[in-house]
Amino acid sequence: MTVNYNLDVSSASIFSFLRLQLRWKGSIWKYLLKELFMFIIAFITVSSVYRSNLIIGEKTRKIWDNFAALFDQNMDFIPLTFMLGFFVTIIVRRWNDIFANLGWVENTAITVANYIRGTDDRTRMIRRNVIRYMVLAQVLVFRDCSIQVRKRFPTMESIVSAGFMLEHEKEALDNVQCGKLQKYFVPIQWSTGLLVDARAEGKIAADLLMNEIGKHIIEFRKMLALLSNYDWVPIPLAYPQVVFLAVRSYFFMALIARQSVLLDGKEPEQPSILYPTVPFVMSILQFIFVVGWMKVAESMINPLGEDDDDFECNYLLDRNLMIGLCIVDDNYNRTPSVEKDAFWC
Amino acid sequence: MTVNYNLDVSSASIFSFLRLQLRWKGSIWKYLLKELFMFIIAFITVSSVYRSNLIIGEKTRKIWDNFAALFDQNMDFIPLTFMLGFFVTIIVRRWNDIFANLGWVENTAITVANYIRGTDDRTRMIRRNVIRYMVLAQVLVFRDCSIQVRKRFPTMESIVSAGFMLEHEKEALDNVQCGKLQKYFVPIQWSTGLLVDARAEGKIAADLLMNEIGKHIIEFRKMLALLSNYDWVPIPLAYPQVVFLAVRSYFFMALIARQSVLLDGKEPEQPSILYPTVPFVMSILQFIFVVGWMKVAESMINPLGEDDDDFECNYLLDRNLMIGLCIVDDNYNRTPSVEKDAFWC
Amino acid sequence: MTVNYNLDVSSASIFSFLRLQLRWKGSIWKYLLKELFMFIIAFITVSSVYRSNLIIGEKTRKIWDNFAALFDQNMDFIPLTFMLGFFVTIIVRRWNDIFANLGWVENTAITVANYIRGTDDRTRMIRRNVIRYMVLAQVLVFRDCSIQVRKRFPTMESIVSAGFMLEHEKEALDNVQCGKLQKYFVPIQWSTGLLVDARAEGKIAADLLMNEIGKHIIEFRKMLALLSNYDWVPIPLAYPQVVFLAVRSYFFMALIARQSVLLDGKEPEQPSILYPTVPFVMSILQFIFVVGWMKVAESMINPLGEDDDDFECNYLLDRNLMIGLCIVDDNYNRTPSVEKDAFWC
Amino acid sequence: MTVNYNLDVSSASIFSFLRLQLRWKGSIWKYLLKELFMFIIAFITVSSVYRSNLIIGEKTRKIWDNFAALFDQNMDFIPLTFMLGFFVTIIVRRWNDIFANLGWVENTAITVANYIRGTDDRTRMIRRNVIRYMVLAQVLVFRDCSIQVRKRFPTMESIVSAGFMLEHEKEALDNVQCGKLQKYFVPIQWSTGLLVDARAEGKIAADLLMNEIGKHIIEFRKMLALLSNYDWVPIPLAYPQVVFLAVRSYFFMALIARQSVLLDGKEPEQPSILYPTVPFVMSILQFIFVVGWMKVAESMINPLGEDDDDFECNYLLDRNLMIGLCIVDDNYNRTPSVEKDAFWC
Amino acid sequence: MTVNYNLDVSSASIFSFLRLQLRWKGSIWKYLLKELFMFIIAFITVSSVYRSNLIIGEKTRKIWDNFAALFDQNMDFIPLTFMLGFFVTIIVRRWNDIFANLGWVENTAITVANYIRGTDDRTRMIRRNVIRYMVLAQVLVFRDCSIQVRKRFPTMESIVSAGFMLEHEKEALDNVQCGKLQKYFVPIQWSTGLLVDARAEGKIAADLLMNEIGKHIIEFRKMLALLSNYDWVPIPLAYPQVVFLAVRSYFFMALIARQSVLLDGKEPEQPSILYPTVPFVMSILQFIFVVGWMKVAESMINPLGEDDDDFECNYLLDRNLMIGLCIVDDNYNRTPSVEKDAFWC
C-alpha cells in the first residue's frame, strides 16, 4: 500500500520534520528495525568481548587496536555513498517509469461513452465489455508482475469468480493457441474487436471515431507491455548485488574496527567511561542513514511487490473496473441540462 | 505564492547577487530563520556550559575535548552533502513534472471557440459549459491535492457559490454512484458529452473537429490525473525521512563536538579570545548552507502546499475559468478585419 | 547575443583549447573580470596587513596563524563543489527546455502556404495575417519574459510602429476584457479564427487541412505558454540564494584563512619570499574555477536576460516574421518545374 | 538471456538480500570470478615475495615500504569511483533506450486484424505477410547488431529455412539495388505496400484505417532504426577506454602499494601475524565492489551481446512472429459473444 | 568517422578489455598522444632541473620542497573530477540529442512510395524530387553545422554538380528573397509543395494521405531545425572554458609540485633511486585519466566536427539520397507476390 504523507509536508517547518519522522507505516524505522536491532546486539556483543579482561588480555586488546586502526585506514576503499547515490538515482527513475505506466481506463471509457451511442442492452454490453476486457488484460499482466495480485488471483477461475471475466470468455481464452507465450494480448484484441463490430452495426458513427477509441486502447496496452517488459528485464542483477553487498560488508567490518577509542593512535589522557559511546552512537547513526538509504532502493527496486510503499495493484484493478463501468454505462449520456452559468452576461 | 526573481538575475553581476540575497519572500532566510535562531541559542548555551568554570571543571573540559575529537573523527560517517545532492535532484525533477502538468485551458478554449459555431444562447452556453466543466474537474482534483484550495472550497456548496458549478450540476454530481472513488472524471465526461450533443445538433461541422476538441479535453484530464497520482503516490516516505534525519542529527552532534578550539589536538600556544568564534561562525555557515539546501527540498517536496514558493492553485482556477470564458464567448469570432500589413508589397 | 564557438572545437586538440580560452565575448574572463579584480585587491590588502610589522606585531601574527589554521580545518564544512555541481545540472536542464521552446514559425508557415490556396489579395492577406498574429503573440510573451524585448517594445504603440500589429488590431486587443490577465491568447485566437474563415470561404479544401494548420499554431502557443510559465515560476528562490551565498562566503573566509604559510603548523625551515605566492596563486585559481562555475549558472538562470550568452529574442521575432511572410507569400507556389534529376535512369 | 530476480526482492528484508546474493546466473560472482581469482593469486604472490626473507632483504623491504607509502599518498590521483559513477549512469540510460526500442508487433498486429477484413485465403495471407515482413526487417537489423542472432542466421538461406522469409522473397530482396547500403527498409516497404494493395482491393474500409496501420509499422521501423543507429554510433571509444583502464591500473598499483602493514609509517608495536590480512581482505573487497561496478557497465555497454543479462534477441524474433501470426490469423474475429457481465444491473 | 567497437564488448571479459584498449582510431591514445608526450617531456625536464646539483643547490631544493608541499596542500582547491563529471554528463546528453536528430528519410520515402501512385515519368519525378528536396535541405543545414560537409560543398555549384540540386533549382533558390536569413526552409517548402500538386493531379488519393506525407517531411524539418539551433546556441562558452582551464592549470601546477619525494615532509630513511618514479608514474596515470576524460568531452562537444568519433555527415547525405530514391522509384510497387508462408495451416 502506498503511504501518503503530503499533508505532513505542506509547508517546510520544524513541525513537518517531526510529523514526518513519527510515521511508522512505510517508514525508515519499520524497514530498518530488525536489522538495526541485530546490528546493535552484534556491536554490543563485540564490545563486551573487546572490553572484558576475562576474554581477551591487555596485549590482545592492543593488537585489536592496531588491527582496527589498519581497517579504519582502509575503510574508505569501499565507495559506499557514491555507489548508493548513483544506484538510488537509477532505481528512482525506473520506479517513476513504472508508476507512470500502471494504466488507467478513464480516457478510454470517456471516449467509449461518447462515441458508441445507444441505450439498448447490446450496445450497453458492448460498451461495458470493451472496458472490462481492458481491465482483464491488466489483471493478466499484473498477475505475473505483482505478488499481491498473484495471491488474489491464483487461478483463472478466481478471475472469473471476481467478475473480471465470464465463463465463456475463460474458455475462449483457454482455446487461444500460442505456445507458451503470454496471452496478455487476447483481451485487448477482443476489446478492439468489439469496436469493429460496433462500427459495422452503426453504433459508432464514423471510422475516425472508432479509430480514436482504438488508439486509447492501444495506448493502454502499451503501458501494460511496458510493465511486463520491466518485469521481464530488471536492472542487471550484478548492480544491486554489488551495491547491497558493499553496504553489508562495510558494517560487518565496522563491528571490528570501531571498538577502540583512540585519538591519533593513543588513548586519551583523561580516562572516561563516556568515550566508547561515541563510536557506538556514530556507528548506529551511520547504520541508520546508509542502510536506510539502501532500504529506500530495496523497497523501490520492485515497486509491484509487497512493501508498504509498493503500488496497490489490486485496488487499481477494482477501481479501474468500477470507474470504467460507471463511465460507460451508469453515467452514459447524463450531461446536466445546459443552463446559464453564474458569470453569464 | 510563487516568488519571481527573474529581473534580479537578468545579467550575471555582483549586483544581481546582492539583489537576490536581499529578498525575503520565499527566501532561504525566511525558511531558515526560526531554526537558525534555535541553533544559535543552543550553540551559545552549550558553549557557555563548556567554557564556564563554575559548571564544569578543567578535567571535565579535557574529557569533553577528547569526546569532541572522537566525534569529529567520525563526523563524516554521515554522508550529508551526498545524500542531499541526490535527493534534491529527485525532488526537483518531480517538482518540474508537477509544474508542467498543472493544467491550462487555453488550447481547448481556442479550439472550442473555432469549432463550435453559433451565436445563439444555447450554443454560447454549450461553449461556456465545456470550459467550465473542465475547470470544475480541476477544482475537484486540486481540492484533494492542495491545502490552499481545500481551505477555499471546504464543501461542494462553496464550489457552487463561487460559480464553478450550478446547483443542478451539484445534484447530478451527487447522484453519480461510484462507491468511494473520486468523481474527478464526471465533469470531464460532461464536458466531452456536450461535444457529442453539439455535433448532433450540427453546431460542429465534422466528426474530425469534434474529436479534435475531445483530444484537448482528454489531454487536460491526463494532466489532472497525473497531479492526482503524484498526490496519491509520493516519493517513498523512507527517503525524505532518512535525509532529513541525517541533517538534523549532524547538527545536533555538532553542538557537542564543535566547542573545543584545538589545533592538532592541542590548544594553540598564543591564547586569544577570538579563537572560539571560528567554530561558531563556521558551524553557523554550515548550518545555513546545509539546512538551507535541505529547506529547498522540503519546500519543493509538496509543491501544492502552502510555502511561499508553492504554486498558486487558487489563482490558477480563477484564471482558467476567466480566460476560458473570455475566449469561447466574449472573444468569439472577433478576428479583426483582414487588412494589408505594413510589409505588404 | 549567443556566442558561437563551434568552429573552435571542431576537433579535440591543444589548439582548440587555446582558441577557446582566447575568446572574450561571453567568456568566463568577461564574467569574472570585475569580481576577480576585487578579490585580488582584497587579498593583497589583507596580505599587506598580515605581513607588515607596522600594523600587527609578531604575536598578533601568531594568533592570526592559529586563527587561519582553525578556519582551514573547518573550511570543508562548506560543501561548495557539490552544491554547485548539482545546481548547475538543474540550471542547464531548465536552460535547455527554454531554448527548445523559443518558438519558430516555419512549420506553420509551410503548412499555411500549402493548404490555404489562392493568389487574390484577400487570401494573401489571410495567409500573411495568420503568421503575423503568431509572431504578435510571441512579441507579447517575450515582452514580459525578456528585458531586451521589453526595452525594444516599451508600449503597444511601439509594436504597431514596428509593423507587428496594425492600428485597428491594437484597438481590438485593447477592447478584450479579461481583467488583469495576460492577453497572450488573443492573437493566437485571431490566427486560428482566420483559418475558420478561410475554410468557410473555400480557400482551405478540407476540415482535415484546416485542423492540421490549427494544430501547428496550438503547438506554437504551447511553446509560448511554457516560456511564460517558466518565467512565472522560477526555480525556488532559496536554491540560488543558498548556492551563491555559499560561494561568496567561502572566498570571504579564504581572505583571512589563506595568509599564513605554514607546513604542518610550522614555518618552513628555509625562508623564501616565494612561499606566500603559493596560497595567493592557488586562491586565485580556485576563485577562477569555482566562481567561474557559479557564473555559468548565474548566466544561465535567466536565459532571456541580457548576458552575452542569452538568447537573442529580438532577432528571433524579426526573423520569425520575415521568414514567415516569405514562406506564405513571396515563396507561395514557387516549386521549381519538375524535371529529371541527375540520377534518373 | 536476461536474468529475472524480481521475486527475490518483492519486499525489502534481510532475506531478500541473501537470496539476491546467492544467485549465480548473471551475478556479480560469475562476471568477477576469473579476474578476482587472478587478483588474489597475484596479491598472494607479491605478498610472498615481500614477506620472504629469502628473496628480498630487510633493507629492500624498508625501501618497498617507503615506495608503497609514496604510492598510497598518490593513489587518490585516480578518480576511480567518480568516473565509474558518471560512466555507469550514462551506460544505464543508453541501455534503457535500447531496451525500450527492441520492437514488439502486438500493436500493429491487433490493428491489422481489426482493419483488414476478410477470411479468404488471400486476405489471410496479406495479414500474415504484413506481420511477417515486419519481423523479417527485425531479423535483418538484429543480425547486424546482435552476435546471438548473427550466429543463428549466418546466411540469408538460414532465414528462409527458419520460415521468416520465402524463397521468392529472398530473390526479391537480393534484386534490390542500393549499393552497399543496408536493406533493412525493404521488408518494411513490402509490409506497407501490402496495405495499399489491401485498400485497393477493398479489404480495408477507409484510407484512415490503412494509414493507421501504416503508422504502427513506421513506429516499429523507427525502433529498429534507433537500434541500428545505436549500433552504428556507440559511446565514443575513448570514454570506456579511459574508465576501464583507470580501474585496472588502480588495482595493479594496489598489488605493490598494499603489502606493508604500517600505522602512521611505523610498524605496530605489538606484532601479530593477523595484520597482513587486513590490507588483503580490504583490497579483495574493494576489488569486488569497484571491479564489480565496472562489470555492470561492461555488461550493459552492449546489451545485444552475449552476457547473461543481455536481451534475448532470438527469443524476441520467434515470439514476435508467433504472436503476430496468432493475432492476425488464428485469433482473427474471435471476440467472445457479447453477454451480460457479473455487475450488470 | 564514427568508431564502432561493439563486437569487442559483446561480453564482459578480460579479453574484451584488452581488445578495447588496443584500438587506435578514435581511441584515448590517439587523442592524448601529443599532449601526453608534451607532459612527459616537461615533467622530465623539470625533474632534471630539480635533481641536478649543477643548476640548483641543496638549499634551493629545500625551498622547492617546501614550495611543492605548499602546493600539494592546496591542490584539491581545484575541484577537478567533480567539474569534469558534471560537465561530461551534460555534454553526453547534448551529443545524444544531436545524434537522435541527424535526420533519416526512410519514413517519408516509404510513405511517398505508398501514397503517391503512378508509374508515368511525371509521377516518378515528383516522388524522386520530394525526397531529393529533403536531402537538399539537409545539405544546406549540414553545410553550416559541419566542417566536413562545408569542405565537400564549398559553393552552391558544388551541390549542383554532386546531383543534390538541378541548375534551375539553384536559380530558384537564389531568387528567394529573405534578407540574410538562412534558406533552409526553401527545399522543404518545395517538397511539400509537390505534394499539393500531386494531390491536385489526383496522384494522391485523399487529403489525409497527402497530409500524412507532409507530417513526415515536417518531422524531418524539425530535426534539421534542432541541429541548426544546437549549432546556433552552443553550451555557454564559459562552461567549457572554466572546465578545460581547470584541467590544464592543475597539471601545470603538478609539474612543480610533484618533484620532491617526501614521506610526511621528510626524505625516506632508506635512499633509493626508485622513489622518484612513483610521483612520475602516478602523475602520468592521472594525466591519462583526467585529461583523457576531458578529451572525451572535447571530442563530443561538437559532434559534427572532424574528430574520429564525430558523425559521418557526408556519408549520411549520400546514403539518404540513395536510399530515398531507391525506395520511391526503383523499389516502387515491388511487393513480392502474396503466397502462403511456412507456418500456414
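Annotations
Going by the order they are written in, the chains are A, B, C, D and E; count residues from 1 in each one.
The working rule: a residue touches a chain if its C-beta (ideal position, glycine included) is under 8 Å from a C-beta of that chain, and two chains touch if they have at least 3 such contacts.
Computed from a predicted structure; not experimentally measured.
Per-chain Cα centroids separate chain B from chain D by 38 Å.
Averaging Cα coordinates per chain places chain A and chain D 24 Å apart.
Residue positions of chain D touching 2 or more other chains, listed in rising order: 31, 82, 85, 89, 208, 295, 299.
Taken as a contact graph, the chains are arranged in a single closed ring, with each chain touching exactly two others. Moving round the ring of chains, first from chain C across to chain E, one meets them in the order C, E, D, A, B. The touching residues of chain B, counted against chain C in their complex, run 2-7, 9-14, 16-17, 20-21, 23, 25-29, 31, 80-82, 85, 88-89, 92, 99-100, 104, 106-107, 109-111, 113-115, 117, 205-206, 208-209, 212, 261, 263-264, 268-270, 272, 274-275, 278-279, 282-283, 285-286, 288-290, 292-293, 295-296, 299-300, 309, 311, 319, 322-323, 326-327, 330-331, 333-344.
Listing the residues of chain B that touch chain A in their complex gives 31, 34-35, 38, 59, 62-63, 66-67, 69-71, 73-75, 77-79, 82-83, 85-86, 89-90, 121-122, 125-126, 128-129, 132, 145, 147, 163, 166, 168-169, 172, 176-179, 181, 185-186, 188-190, 192-197, 207-208, 211, 214-215, 218, 221-222, 225-226, 229, 231-242, 244-246, 248-249, 253, 265, 295, 298-299, 301-302, 304-307, 321, 325.
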